[in-house]
Every structure is written in C-alpha cells, then in structure tokens.
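Residue numbering begins at 1 within each chain, and the chains themselves are lettered A, B and C in the order written.
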Amino acid sequence: MVGTTTRRANTRVSSAERKEWLLFALLVGPNLFLFSVFTYWPLLYNGYLSMVRWDFLGPKVWVGLDNFTHLFTQGDFSFVLWNTFVFTVSAVGLICGLGLAVALLLNRSLLWRDGVRAVVFSPVMLSGAAMGIVWLFILDPRYGLLDILLNYVGLESPNWFLDTRWAMAGVIVVHVWKNLGYAVVIILAGLQAIPRELYEAALVDGAGAWGRFRAVTLPGLSPIFFFLFITTMLASFQSFDIIHVMTEGGPVNATTTLIYNLYDEAFKATRAGRAAVSAVVLFLGMFAITLVQMRFSERRVHYA
Amino acid sequence: MENTAKLTQHSPKHSWQSRTAWRKENAAQFVAPISWVGQRRSRVADGLGYAGMLIVLLMIGLPVYWMTTGAFKFDNEIYQLPPTWWPQQPTLQNFADAWTSVPFGNFYINTIVTTFFGSGFEIFFGVTSAYAFVFLRFPKRDWVFLILLAALMIPNQVTVLPNYLTVARVLGWANTYQGIVLPGASVAYGTFLLRQYYMSLPQEIFDAAKVDGADHLRTMWSVVIPLAKPATISFGLLSIVSKWNDYLWPLIITNREEWYVLPIGIRWLTVQEGYISWGPVMAGTVLVVLPVLVIFLYAQKYIVEGIAAGAVKG
Amino acid sequence: MSRNDYRTISRRGLLKAMSAGAGMAALAACAPAPTTTSGNESVAGPASEPVTLLLWSSYTGRNGEAEQALVDKFNEEMGDRDLQVDYQVQGNYEETAQKVTAALQAQDAPDVALLSDVWWFKFYLNQTLAPLNDLLESQNVDVTDYHDPLIEEGLRQGVYWWIPFARSTPLFYYNKELFDAAGLPDRGPETWDEFNQWAPDLVSADGDEPEVAAFVHPDSASYIAWLFQGVAWQFGGAYSNPDFTMRMTEDNTVDAGRFYHDTVHAYGWARPSKSIGEDFLNGFSASMMASTGSMGGLRQNAEFEFGTAFLPEQDYFGCCTGGAGLSILNTTDAEKLPLAMDYIAYVSNPENTVFWSKSTGYMPVRKSAATSAEMTSYYEEFPQFKTAVDQLELTRPQDSARVWVPNGDQIIGKGLERVTVLGEDAATVFADVNDTLIAEAAPVLETLAIVEG
C-alpha cells in the first residue's frame, strides 16, 4: 500500500491506467480464455484431425491430405456439397423472397396486424427439434394434416421421406417455415428505417406506387437485405436439428448436408478424419461468406 | 378523411394521366409500405390485405395448432378420418404417457439449469467485455476486440468434434452440466451488440459519475447497465431462447437419458419406443415449447427489437 | 467503499477464471492422447456396499420389457451378494455402439455392453474387450451347451469375446388374412418366382400408389443389408469371402440386386418403407422379411394372425444369423469381471433363455433350452416360433464385408437404398459399393495383422 502511494505521486496517470489494464484483463480475460479453449484451439486441432485416420479407439494414423483427396474424388462428398448448395440457396431465396412479401403485407395498417406479426415470428423461438417432429406428423403421407388437406382438393400427399427430391423439399419447407419470421422482422425494421421524406419527395415527383417501391423502398432496403442474405445463409449452412429429427440425412443421403455429414462421419461412422474434413470445408465456406459480407459492408459505410 | 383530402390535393381530376396514376397507386397498395405520408385506403386493397394475412396466419400457425390439439386427442381420434379440428374427448393422458415413458422431469431440470448458467455466463461476459472495450484503456484494445470478433467466424458446428474430444476425453465432462454449458459460455456477438449500444450512450452521464467518484465497476453496475437495460434484456432473452433450443452440442455430449435436455429428450421420446405414438409425442413437443412461448408472449417486444437491432445497427 | 467493491468483485471474477482454468490447464498442456485404459474411476466399494454393474443395451418396447425383467430378477436373486445391475438403454444397436465408443473416450464405459453383429468386431479389433475364457471357466459356464455356430461367431484365435444373447435370423412373415383374401395358401412362398406370381393378387391399388404392398423393403438404418444378405446367397452371390475379397460385382450378386430393383420398379409389388414393422402391423404390407426378434412385438400388437416361413429360395436356400451378443469391456475392474460374467451367464442360462426367447422371438442360444419341455410345448402353442428355430439349423454367419468392414452394413445398405428407392441399376451401384468396401477394408486387414499376428 505504501509503495502504491509513493508511485502514484510520481506517475499518477500511468498508475490509474495500469489499474484500468488490470480491470480490463479481468473483465475480458475469462471470455477470451473460453474462446481460446473452445473456439480457436479446436479450429487448429480440427485441422490436425483432418489429416489423420482415426476411429476414436485405435491409434491415430497420419495420412496427410488423403482424407481430402478421398472425399473430393469420391461421389458421395460432391453429393453432400450439392445438397448443401441446394438447401442453402433454396432456403435463403425462399426466406428472403417470402419474407419481403409478408413484411410488406404486415407493414400495412390493418387490424390484428400485430397479432399476425407475432404468430409469424413465433416459430423462430421454438425448438427446431420439436418443430421438426411436429412437421413429421403433419407430412405423414397416410394420416398427416397435409395429406388430409390435399385430399380435399383431390390430391395425394407425396411420400415425403422416401423420395429423395421430396425429402429435400420437406426439410427446406420446415426450415423456411421456422425462419421466415426472422426475415420479416428484419425487413420490417428496414422499412421503418427508410426516411418518410423520401416517399414524400417521390410523391411530389409524381412517382406511382410501383415507382416509389422501386425508387425508394428497394434501395432503402438493400443494406438490410444484404445483412439478411448473409445471416440466413449462415443459418442455413448450420441447420442441423431439423434434418436430424426428420430424415437423419436420408433417404440415400438425399438430405445429408455438410453439417449433417460432419455429425454422421464423426459420431455414427466414427471416422474422425473425414468428419474433420467436413468441418474444414464448412468453415472455409462460412469464412468466405463472412469475408464477402465484410467487403460489402465496408463499401456501405455511409449507412452505419 | 385526411387521406382523401391529400389525394384530391395533388391529383387534379379530368386528366387521364392522373387517373391512371391514381389507379396504379391503389392497385399497388400491397407492395407499398404503409408508414409513409399520404397513404390511401381502398376496400379492395384492404380485402386483399386481410386475405393475405389469413393465408400467412394459416401457413405459419396451423402446424402449431395441429400440434396443440393433437396433444389432447386420443390415439384413435388422431388417426380418424375425416379429421377433427377440435379434440372431441380432450384428454391429458398423452401428457402423462410422455412424462412417464421418458424422464421429462430430468429434461426440464437439465434444460433450466443449463439455460440459466449458459445465458448467465453469456450475459455476464457480454456486459463486462462490452464495458471494458468501451470505457477502459488497454494497449492495442482494438486488436483485442478484433480477436474476440474473429470468434464470430468460427461457428460452434465447426468445432464440435475437437470440443467433444476435449470435454469428454480430456476433462471427463460428458453427462455433466459444466460439459454442456462451458463450451458455449463465451460470447462475441453479444459483446459486439452491447458495445455498439454503450458507445451510443451520452458521455455526460459518465462524466457526472466520475465527478461523484464512482469507479468503473460501480459505473458499470449503477449507470451503464440501467441505461442499457432494453438492449441487455433483448440480448439476454435471445440468449435464453437459443440455449433452451440448443441441439447439436447437448446431443453429442450427453449419452444418458437422465442428462438429456428437452430438445434431445423429445427426439428420444420418438425413437425409444421403437415406433412413434403421436399423441404422447405431440404432448411432449408442447411441453418443450410452452415455456418459450410464454416468454415470447410476455417479452415479444424485447426479442423482436433485439433481433432487429442486429440488422439496423450492425 | 468503492475500493471494497472493486476488490470483492474482482476476486469473484478471478475465482471464476480460476475455476474455469483449473480444468483447462490439463488441456493447454497436452493434446488429447489415446486413453490409457485403467478403470480406476469406479473402484468397487468395500464389501458392505453393493457393487453396481453398468449394463448398456438397445431394446425398447416388448423386448426392452423382457430384458428389464431379466435384470430385475437378477438383482433380486443377487441382493444378498450385494450385486446390482444398472440397466441403461442407449438407443438402437448403432447408437449403443457409438455411445460405448464415446464412453471409452470419457473413461466412463459400461461394464457389460450389448453389441450387435456388426459392432463387436470393431471393439475386439481395438482391443477394448475383455477375453472371456478364464471367466467362463472360473464361473462354471458350460460353453458346450451354447448353440455351437452362434458362440463360435464370437471366437477369435481360441478366445471367446462375445457371448450370444439376442441372436436372430431373418424370417419371412406374412399376414394370413391378406393371404387368405387373395386366395393364396396359408404358407410362405417356396421361391421368389412363386412369390412373384402371388404378389399381384396381394396388391390392392388405390390410384397410382398401391395402398397395400405385397412386400416392403426397409432402409439402411433398419438393416436392409442384413436382410438382403440371404437373398444374395439365394441367387448364388455374396458380399465377400472370409478373406475380405469383395464379391459385390459378381453376376449373381448383381442379379439379386436387380431382383430387388424390379420388385419395386418393374413388378411394382414391393415398396421401400421407413418402418416395415409398422407397415406390416397396420396391414399396409402383406408380408416382409424381418428379424425373428420382431416376433414378440408382433405377437403382442398384431390385430390379425400372421404366419412365418423360411426365407424363399431362388437357386439356393440362404439365410444368415444376426442380432446381438454380450461383451465385457476391458475397462472393467478386475474384481468386477467375474460378476460381469455372472450376469452374462445368468441371462443366457437355459431357464432364462427360454423366457427371453418366448418373450421376444430371439433364438434359444442354449441347446438345452431349445429342447426343454417348456420350449417344446411353446412350439406347439406358437408354431410360428418353431419355424424360426427350425430355420436356425440352416443358417450361416454373414459375410465379412457387412460385419467386419467398418460401416460395411451402412455402405451396402445405402447402396441397396439407391437400388430400391432411387431405382438405379444394381450393376452400377454395386460397383461403387465394391470399391468403397475394398478401400474401407484395408485398414482392418492392417490392424488384424497386428492384433492377431
């Protein structure tokens, strides 16, 4: 204590600053520490695992890039990449497109609008696993609700999870259903953020509704749409619970996306190396998306 | 009334051009946002709007409705054709069956405990880290912030395999609360959001607090946190919801049913009987989602604002 | 005041950091290294405290109830020996094996595990199982009373590793009501050709989709590769030879695959199903090939009478064994090993074998059980089960490609799904499968050379 007081007399500022450093370290340290243990280090270790052959029981065998060459020369993995692409692109397109339509609808001053907004948003909050199971019940080709409804108009429900194309469509539908509300909320926020004066100005210029939509609404939404695009893409990339409860990646790997393949290789087939390769590819994909986002965000600094 | 007045004001009649413009405007009502000045109403557009809302409501709400009514139906009613839109003989038997065929009590306790601690850590780390990054000096502070932000680029899914090896093998924490909670306890996005918010707070308040002789922890506790209450609540609620619904990590790190959390437990209910008995399963899903729905009903505003904040500010 | 605040809070923060750090120190120091297998975590307590044996298993529904009953009975009888079995169901065979693998990582493995035909070998190969010869001897288990082919499947180089318990074979099940309604005799088809003639009568079409199929194919998760094993043999083909020479591309094997393809895509009397048992029970399928282990559940739940028959022949008769057995993990404490053996011996003793077989439909694994008076009278009461026991004599162990190649079952199964669900040509698919099997078998051969010399 005595020491501190004497030093304080000499370098008062630096001592106070040092105290701040210590406090900073104490406040930020644990957070960063957990990140190093459970995020940064695992990323590196995963890189190592991608170069071994290991069944979780025996010794790890160093195989260099064999796991990569194996997966990229073998048909199954390109199928997985294709599935991931189909799932992501369809999900993002549908979520953004339908999201825009629903947001514009719910931006009108209609009665019960807030109630409908709440309903639209609620699936975002609900467990994907639980909702996937509910949808299994609804999509059951024999006694599911959808089949019943289709029967009213003389149609038959497809056998969703025994047909490779329908199975993919099925998980996409559920993913879109669950995440639509997210897009709606974001777009509604974006609509609210567009200055009214722009509309007034457009009105004065004699622009029609469609003209105003094109001249004011769409450009005004574009930054937020970009954000939405990126976040839904990342979310679709990582979607796991719905696929796991509904199809377990089947039939015949038809719904095996990268993340599901990672799980499947690691925890079902117990092939650590190939699972790690999936993780590497998943990481690189998401890294690329994030980089794109950062580049574009920089160009749009004016918005922030 | 006001709308009509405005309409007549700047659309002179007797001109075919303006008439077309007028028609166009009204026909395109449902693609135009409402919150701008001079909106016109028409019965047709409103009718279409309500029809659209009804369709949206049915598409989004029907599955949840079907789940809820299914939970109260006996098996024979579930398979009955034509279907019943309301349980004819409402029963709680499905809930009892779900509760006894798997340890739902454990699932609840596990989920509550892991959500409490998981979100607790996230909120604590988010608030303290954000405060430090905004109000404390540190050498190369912005670089440290970038290091933290870099974690955003590495989603949990990418690291499940090594983390599984660390937690289960090295630490021996499979089937423990700390094993479920700790790998997800640190927070980057929340830090980022709260930091943005803190930076927007008026500087004078801190100057005043300094004059009063409050040190940093006190300022954080009694000035910043109260001021940032809405943002903190939003972030906290989103954290709670995401922990409650977390699936992949608990799936991997627990392998005994007494340690399952609700989302894993509900799937377990569908696989462990060997076939799916829909009544109890629907009852189980109701049990899983009900607490979140209740939170949502009470705190919808905060949750929605929290999500929107990320977009508008980020 | 403020100083105090500062100190208390920062100490708390520090404590948090430390408590998190304590566990983590180990991690920073060393990367995960292969586990040394020492069961020092669960040392058996002093004699007065009950010893707990951890048993992991896979059965649900009626089979689960029967196994639970066996465990309860054991615990009751062993009460005065202070030995209790903690019985935990871990999901299906795959999930159980995955969880055992995981538990070995976490040094938290069960003492006794139920391992299926396709999994026990992996644990053997990785030297995680306890050898059982000495234990069988010290606990006075009559090895010669076990059905020889079944117990020999768990024998490697003169050492027993895997004791038969829930062993089964595929069996042909048919819905007697639907067969009768179609004017067919009350028996299974003798050949696939015969069934091909019968099947159209069994299919009742409702629009495009046949509402009732004559036959259903399971998916890979429900072991289509196991059920198809016999079919491959019936056509004169095979998955592989015992020395891991793959035979998927042989004409006969491909013919069997093309037959499966045609049942769905040419003749249209069969269809792929997510749950063949459910389809059969609900009358959506007139017949199926399924495990004898489904019999107990079917008998309990079916609202119609069903018959059982030998698998249909083609050029030959072919039927394989399957199911699961019990092994002891070598992480088990030395003093618990005899107790673990006692449990295994107990549930597969003649008396309990009778109970288990009657409840579930699994094969009587003990000769004396199969010929016991109680069993004989059961055969009369429920001849469907007699058929299964008779067929057991004609079965043989599966090809190495399915049971010894890691994931061989799923590799073949997913290939078969491509044939039945996607309608791809069996020749193309099996060529892919063959390549994959060869690649996946290579490490096994290496390891086998090390382990067995």
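What we mean here is this: a contact is a pair of C-beta atoms (placed from the backbone, for glycine too) under 8 Å apart; a residue touches a chain by one contact, two chains touch by 3 or more.
The shown structure was predicted, so the numbers you read here are calculated from the model rather than taken from an experiment.
The minimal number of chain-to-chain contact steps leading from chain A to chain B is 1.
By number of C-beta pairs in contact, A-C leads when A-C and B-C are compared. Relative to chain C, the chain whose mean Cα position lies farthest away is B.
Taking the mean of all protein C-alpha atoms as the reference point, the chain centroid lying nearest to it belongs to A.
Centre-to-centre, using mean CA coordinates, chain A is 13 Å away from chain B. Chain A and chain C, compared by their mean Cα positions, are separated by 37 Å.
Chain B and chain C, compared by their mean Cα positions, are separated by 41 Å. Of all residues in chain B, those that touch two or more other chains are 128, 165-166, 182, 217.
Among the residues of chain A, those touching two or more other chains are numbered 23, 27, 30, 34, 37, 41, 45, 267.
Counting partner chains per residue, chain C shows two or more touched chains at residues 6, 10, 13, 20, 27, 102, 105.
Chain C meets chain B in the complex at residues 2-3, 5-6, 9-10, 13, 20, 23, 26-27, 30, 32, 35, 60-61, 88-92, 99, 102-103, 105-108, 275, 277-278, 297. Looking at the complex, you find that chain B touches chain A at residues 10, 21, 24-39, 46, 49-50, 52-53, 56-57, 59-64, 66-67, 70, 78-79, 81-83, 125, 128-129, 131-133, 136-139, 141, 144, 147-148, 150-155, 157-166, 182-188, 191, 216-217, 241, 244-245, 247-248, 251-252, 262-264, 266-267, 270, 276, 278, 281-282, 284-285, 288-289, 292-293, 295-296, 300, 303-304, 307-308, 310-314. Across the complex, chain C meets chain A through its residues 6, 10, 13-14, 16-17, 20-21, 24, 27-28, 31, 34, 94, 98, 101-102, 104-105, 122-123, 125-126, 128, 207-209, 219-221, 271-274, 284, 406-407, 410, 414, 417-418, 421-422, 432, 436, 439, 443, 447. Residue ranges on chain B touching chain C, taken from their complex, read 128, 165-166, 168-175, 178, 182, 213-215, 217-218, 255-257, 268, 271-275. Across the complex, chain B is touched by residues 17, 20-21, 23-25, 27-28, 30-32, 34-35, 37-43, 45-46, 49, 102, 104-113, 116, 118-131, 133-138, 143, 145, 148, 177, 180-182, 185-186, 188-194, 196, 199-200, 203-204, 206, 208-210, 212-213, 217, 224, 227-228, 231, 234, 238, 240-241, 244-245, 259, 262-263, 266-267, 272, 275-276, 279, 282-283, 286-287, 290, 304 of chain A.
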